[in-house]
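Contents: one structure, followed by commentary.
The letters A, B, C and D name the chains in turn, as written, and every chain counts its residues from 1.
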Amino acid sequence: MFTLDQVSAHSTATDCWVIIDNNVYDVTDFLKEHPGGASIILKYAGKDATQAYAPIHPPDALEKNLPASKHLGPLTADAVQSVAEAQKSRKKTKDETRVEQALAQRPPLSQILSVADMEAVARKVLSHKAEAYYSSASDDNISMVENARAFSRFFFHPRVMRPVSKCDPSTTILGFKSAIPVFVSGAALAKLGHPLGEVNIARGAGKTSIIQMVSSNASMSPEEIIGAALPSQPLFFQLYKHVNDEIAAQRVRNIERLGYKAIFLTVDAVIPGNREKDIRSPWVVEALETGSPKVYVEGEKEAADAGLGTAGALIANDDRDMTWEKTIPWLRSLTKLPIVIKGIQCVQDAVLAAEAGVEGILLSNHGGRQLEYSLPPIEILYRLRKQRPDVFKKLEVYIDGGVQRGTDVLKALCLGATAVGIGRQFLYAQSAYGEAGVVKIVQILEAEIVRGMRGLGATRVEELVPEMIERVDWAKL
Amino acid sequence: MFTLDQVSAHSTATDCWVIIDNNVYDVTDFLKEHPGGASIILKYAGKDATQAYAPIHPPDALEKNLPASKHLGPLTADAVQSVAEAQKSRKKTKDETRVEQALAQRPPLSQILSVADMEAVARKVLSHKAEAYYSSASDDNISMVENARAFSRFFFHPRVMRPVSKCDPSTTILGFKSAIPVFVSGAALAKLGHPLGEVNIARGAGKTSIIQMVSSNASMSPEEIIGAALPSQPLFFQLYKHVNDEIAAQRVRNIERLGYKAIFLTVDAVIPGNREKDIRSPWVVEALETGSPKVYVEGEKEAADAGLGTAGALIANDDRDMTWEKTIPWLRSLTKLPIVIKGIQCVQDAVLAAEAGVEGILLSNHGGRQLEYSLPPIEILYRLRKQRPDVFKKLEVYIDGGVQRGTDVLKALCLGATAVGIGRQFLYAQSAYGEAGVVKIVQILEAEIVRGMRGLGATRVEELVPEMIERVDWAKL
Amino acid sequence: MFTLDQVSAHSTATDCWVIIDNNVYDVTDFLKEHPGGASIILKYAGKDATQAYAPIHPPDALEKNLPASKHLGPLTADAVQSVAEAQKSRKKTKDETRVEQALAQRPPLSQILSVADMEAVARKVLSHKAEAYYSSASDDNISMVENARAFSRFFFHPRVMRPVSKCDPSTTILGFKSAIPVFVSGAALAKLGHPLGEVNIARGAGKTSIIQMVSSNASMSPEEIIGAALPSQPLFFQLYKHVNDEIAAQRVRNIERLGYKAIFLTVDAVIPGNREKDIRSPWVVEALETGSPKVYVEGEKEAADAGLGTAGALIANDDRDMTWEKTIPWLRSLTKLPIVIKGIQCVQDAVLAAEAGVEGILLSNHGGRQLEYSLPPIEILYRLRKQRPDVFKKLEVYIDGGVQRGTDVLKALCLGATAVGIGRQFLYAQSAYGEAGVVKIVQILEAEIVRGMRGLGATRVEELVPEMIERVDWAKL
Amino acid sequence: MFTLDQVSAHSTATDCWVIIDNNVYDVTDFLKEHPGGASIILKYAGKDATQAYAPIHPPDALEKNLPASKHLGPLTADAVQSVAEAQKSRKKTKDETRVEQALAQRPPLSQILSVADMEAVARKVLSHKAEAYYSSASDDNISMVENARAFSRFFFHPRVMRPVSKCDPSTTILGFKSAIPVFVSGAALAKLGHPLGEVNIARGAGKTSIIQMVSSNASMSPEEIIGAALPSQPLFFQLYKHVNDEIAAQRVRNIERLGYKAIFLTVDAVIPGNREKDIRSPWVVEALETGSPKVYVEGEKEAADAGLGTAGALIANDDRDMTWEKTIPWLRSLTKLPIVIKGIQCVQDAVLAAEAGVEGILLSNHGGRQLEYSLPPIEILYRLRKQRPDVFKKLEVYIDGGVQRGTDVLKALCLGATAVGIGRQFLYAQSAYGEAGVVKIVQILEAEIVRGMRGLGATRVEELVPEMIERVDWAKL
């Protein structure tokens, strides 16, 4: 049992304690290992760090990363009360005040007519830091913008005089039933946007019978998330492979044990992308709160470089040396789950994946957050369809990136995709309205998909064929 | 004879009377059948509903849809007076006041130089609801915008040194004479924009010798409309086939009996399009009038979904299972009128229509109001000309969607179209200036067509040939 | 000798006198023949019309169009003085005041660096009416805008390591020497922009050794204009053929007699273009001066239609039935001057012109003022070069429309043009600074052409070849 | 020893003394030779000219260009003090005050995340004159804008599942090691932006192990610049060949003697480009300082023409008649240094260069500052790769123009370039933060290049191949 005075005596880089959820931890040795850097921890040296820690760490992070000997023990009752009071009497920041007002002015959910409507609400109710992390992309946002814009180059050849009163948009993904050909693509840190984070998505997916892919970088543990799912509800797991094979293997075995139904191995994010909006976020917040941006003082020692923002920290320990020859057999030896490669970005690698015998590929450039000027996934799909239609017979093909409308989903299916992943938009939906937001955008997409299928003269997803689509050169969007 | 008190005693979902044009109706049983939903009727339960009812229902709607036993009878003279006074003393809404001012500031008709000028006036004088219904299109308005923009990719090869002092822009459509190769394409609910609604168009078309296609969803009855036409004036009928074959057959027989000259069977709108502006319209009006938009209350029971707006209600009972094999022979068996398929959206279906032996096809994506990313009709026409020029010999080909200028008409004719339909712009014209507006835009189009023909070196529509047109890739519009 | 009272007694449509330059004319019979319509004359019935008449009529217009018997005679001395005083004491209009201020704020000519700079000044110092007439184009200005934008699709293949210290941009046009491969293309009504009108251009062209093409619709007579030229200075004549062959023949003989060196027969303007800005101009001016636009009064008799603006009046009596078979031999029989067809707009007609044996063709769509969606001339030139390179050996090819920079001129020459015409920009230049403005833009163009030739590695115009140019698809302008 | 009165007695065009750095010079005879024109010198006739002279002349300019007899001698001590006091008490101009404030508000260097961030700071802290000189380009900036925009048409085919934990972005250029495949392309007048000018760049290049190409038009002497470099640091020299072969030969021999490692012979700037912003700069400054722009006075004698701005003066004495046959052998005879042709702008000339046996070519249109509508260098590189891949085996190929991001560099390398030059951005960087700015943007580029290589699955520059890139047609930027 520690008093606040006792804790505050350990507030230096060589002797650093912090309080999290009323427990005291000695993080001195951990400072240099922290993926997000030492300086962010040192801001809270000798103090309560709970508010900064909670939204971006799963609850088992301390257990996994800090030896039991550094878990020093709980605060005294007086200290607990002091911490709570300090938190309660804390003056709200300008950003927090703005968010509160925005939350109070949300339109009723019945007035959300499209995925874009949902994003517009979310952009207003997110904290600056969360909005920057969710919305940022590489360099100048070219790939992110083109991911969406690319869909606008595909027009339909709708067929008329076909019976469409009955229309079934459901499909299967890796053998698992899905109400619509859409799944939740892995996206990190849902708690940044809403306290219930990934659990909102798991519950919303369960209610609407779609499948959630859970990220290794989720802000909640795989246990918590699958614990929120329905008994029969399938979930997939997006694996960021740890550089240490044994740690990685434990994660895979744990995932299979927990009941996840497939492994999506992430290969498009072995290094951090350059998300400048995310990197710039703390400076913007500081300038906003204090009213005065930092200025350059000639000759003054520059602080360490800007670092890589939230994204960089998350993958600091990932394996950058995966290969077809080594990694796929290793993974296959660990698990019976189907394996999907997430992040294929050209036709050649799609062919290699088929040769490697995996069950699926997700054409993805990580939402435009990794290599700038990676082709939009719908364009890669189009090339794959034209150049190597045989690949579609060997594995399932999915895409993610830029999907906003039911027509986008239908375009991918016409070109041969089995289903389409959506990531950011689920983060926005749960940030704006929690679980109800997740349910809402699935309902919107389902209505749009059914309407589009009927407009095309198709009543089952198998009837969506390449002849129904044409690539034009006049996109304006 | 009913007093207002008597009527107001029936104001619940299980006992619902309404007053329309000083007559009392029991609509209790009808509530669940009403294509526009029960809630809009319940707003007027026990009260006068005339103002809301009149602009969007033809006068025979009550007769057709409500059994005679539910026509309870007239109001007393006192009640009639009370209703009239209440209506007169009613405070004008902000939107009504805005419309009145806009009407008073219309420029003189002689200063309307183009179809776009006319639309600009109409957009100002329409109620918010009418403007939203007329101008809305699917999803993000892509197909609507591209319909018009597509024309800007076609440039002319004008021929000089040809005698053009005499120039005749007239043509025939299905054998009926038309002063210019333009007809009024079916468009619903003209009374939303002007009390005389479709009659304005019928009269204007008569004065300028063009042909009106009357929609099944007109806000006036086919009888009223043809009644306003000149004795010799041909009119066509746009058929939305009722799901019940017998009801549909009665409508066809009635149309033929009334003297309509052709049936345009609508196949591009078997389900409602997603017109978000139209759906959003009541919320916008409410926020405008009250000054306070609705906000989200966490946990509160959400109202039923937004529904499908005006468009959805109109086609709720239409046949979604038409086929070439079944529907065309059925229709042929009912009538001797020429049959045109309205809503062909790809080359393959144009070929099927020719094989089905119909007299014409109208390449149309319903003004961009149905399936988003349907190709612009001028683009389908271009593909049909290149891929299957034989089709033009088997039937007449028309297009509608996006036509604004005489040059647009000429481009379609150069590619082989017989005539071009215009819908929205006639709604705008009659909304802005009534019948005179309709006459005006025909005059404008005729002048533009004649000017364009002379500029091309053509003096009859037959001289407009594919060699006079070129598709370029630099459209900027 | 007439008093003002005597004149003012004749102020009706059936008895109409006007004063012009202190002489009295009976225009009663002429009212119905006036190409600009009767109403504009009737505004001045019984009054002095000089201010409205002078800027848009050549001085010989009265002589040519009104029988001698209607030239009633001069005003009395008192009347002359009254007219002058009335003119002097007349309150300036808002537009005149604006123009005066703009003239006083012109930048020094040395700060005009480009043709675009010159246009920017002219746009400010022109009266609203003049600006509208000069800048207006057909329908939505598509062809005018594309004329200029089309140049931005052509990029150079510059050659290096070639001696360019000496560089000669001169050429010959129809055998006449020109300092640069640029001529003044015919453009009407220069006096609208500056009192010295076309004489400014003639003198500026003389000083800079380029060739002026004088329009039939000039606001000064052919005699006045050639009278202002240097003795050795060649001028061409742009012929609008009168519908009456004899009147047309007299004009041609007169032109040859006066010493003009070539006939450019205009074939792209046999009917008036739809220049809405020009047509709208009087309404805009009226609203500007009175502060209150006209509004629509329901049921009121509409005034006659808007007419065709300044442009329509100018060509009301032109021949709309010219043909290759009839018109070229007729013209050839009248004159020994070289004949150029102005207004060729497609490859086929360029071939017909070559077969007709004319000396040159001017690829032109009349500056985008006639048929909207006529191809940009540089695009027609490009097609002609690719499809029929033989035509360049049979006659000289010129283009006009959209030329703003020396690089534009060089692009045309690389594709095989002999020279390039510029019209509007000379009107702007003389409007902004009179003769000095004309000289200035020739100097600017010469500097740009020489700089461009050297940049391309060419020292004579013959060295500009198709290999130096490439058409790309990424124009952004 | 001269007093100020003595100097001021010589203040006319026929007797003109000036003071520079407290020494007196008789420049009467030099007036007509001054590349920047006489008028700028005459502004300081009889006065101190140091402030205007220093930023745009290397220190040895007086020595080289003015005979010793015209070096009249130093000022008296009193005069020196007077000059210093006058300078000190001089009121700051509005532009100087603006610059001072901008410098004080620069963000800390750690917040500069991209080359574009750096430019944004520089644009604010530069004097108007410097900003105009650095940022200006030809005519309408088309080539400058397209240089950058062209990169956005190239998308990547990234390869996954390749080991990238180790990644080496270094290369060699003409045999000299460079930390990244980027060099400093020659750019003139660095002192306009920062007092240490080109020395900032030399030191920054030394610290980051990249190679600087020093311009003949540098504002510091080649001796000064190489003097600031590290002993082992290679520098290249950008030669503007003087029209006088002997003067040119002396410069070449001097350069070799000083230790420069290669000659980049400039062939894309034998005449001055039309940089209107630069030409306009003095007028803008004058209007800014006085608050009243010059206006046009009719009839007043116009001042001499605008001239060609800073750029024109710099190359007034350059050789405009270089040829492959004459100039390359001449240069080869003078030096053993490798020769690179800077300014190849089409495939044909790249082939001629290979045939001429030079060691390299720099595809460049001088940053869009010379011939407008010269193709973007990345487009020329793309054509060279497709049409003549053999050229890449005969010499090294570089490009410059429009490079802003590491991905731009990688695109050029995929297409076969050895390295990429950057000019303007180094001027901006040293203007904004001096040497530290130069170091910073190299660090930024290195991080971007490494990140991009890893994203592409490449660990050495040799692994960047044409298969990794695709040219698309949908660039939006």
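Convention: contacts are C-beta pairs under 8 Å (C-beta built on N, C-alpha and C of every residue); 3 or more make two chains touch, one makes a residue touch a chain.
Only a predicted model underlies this, so the values are computations on that prediction, with no experimental measurement involved.
Student: Going by the touch criterion stated earlier, list every chain that contacts chain B and also contacts chain C.
Tutor: none
Student: Looking at chain A with chain B, do both copies bring the same residues to the contact (over half shared) or different ones?
Tutor: Different; most numbers are used by only one of chain A and chain B.
Student: Once you find the CA centre of chain A and the CA centre of chain C, what distance in Å lies between them?
Tutor: Inter-chain centre distance comes to 64 Å.
Student: Take the average of all CA coordinates in chain A, do the same for chain D, and state the distance between these two points in whole angstrom.
Tutor: Those two chain centres are 45 Å apart.
Student: Mark out which residues of chain D touch at least two other chains, giving numbers and ranges.
Tutor: Counting only residues that touch two or more other chains, chain D contributes 473.
Student: Write out the stretch or stretches of chain B touching chain A in their complex.
Tutor: Chain B reaches chain A through residues 139-140, 142, 145-146, 149-150, 153, 267-268, 270-274, 276, 279-280, 283, 293-297, 302-306, 320-324, 327, 341, 343-349, 352, 365, 370-375, 379, 473, 475.
Student: For the complex, which residues does chain D have touching chain A?
Tutor: My answer: residues 104-111, 113-114, 152, 154-165, 405, 407, 411, 433, 436, 443, 447-448, 451-452, 454-456, 467, 470, 472-474, 476-477.
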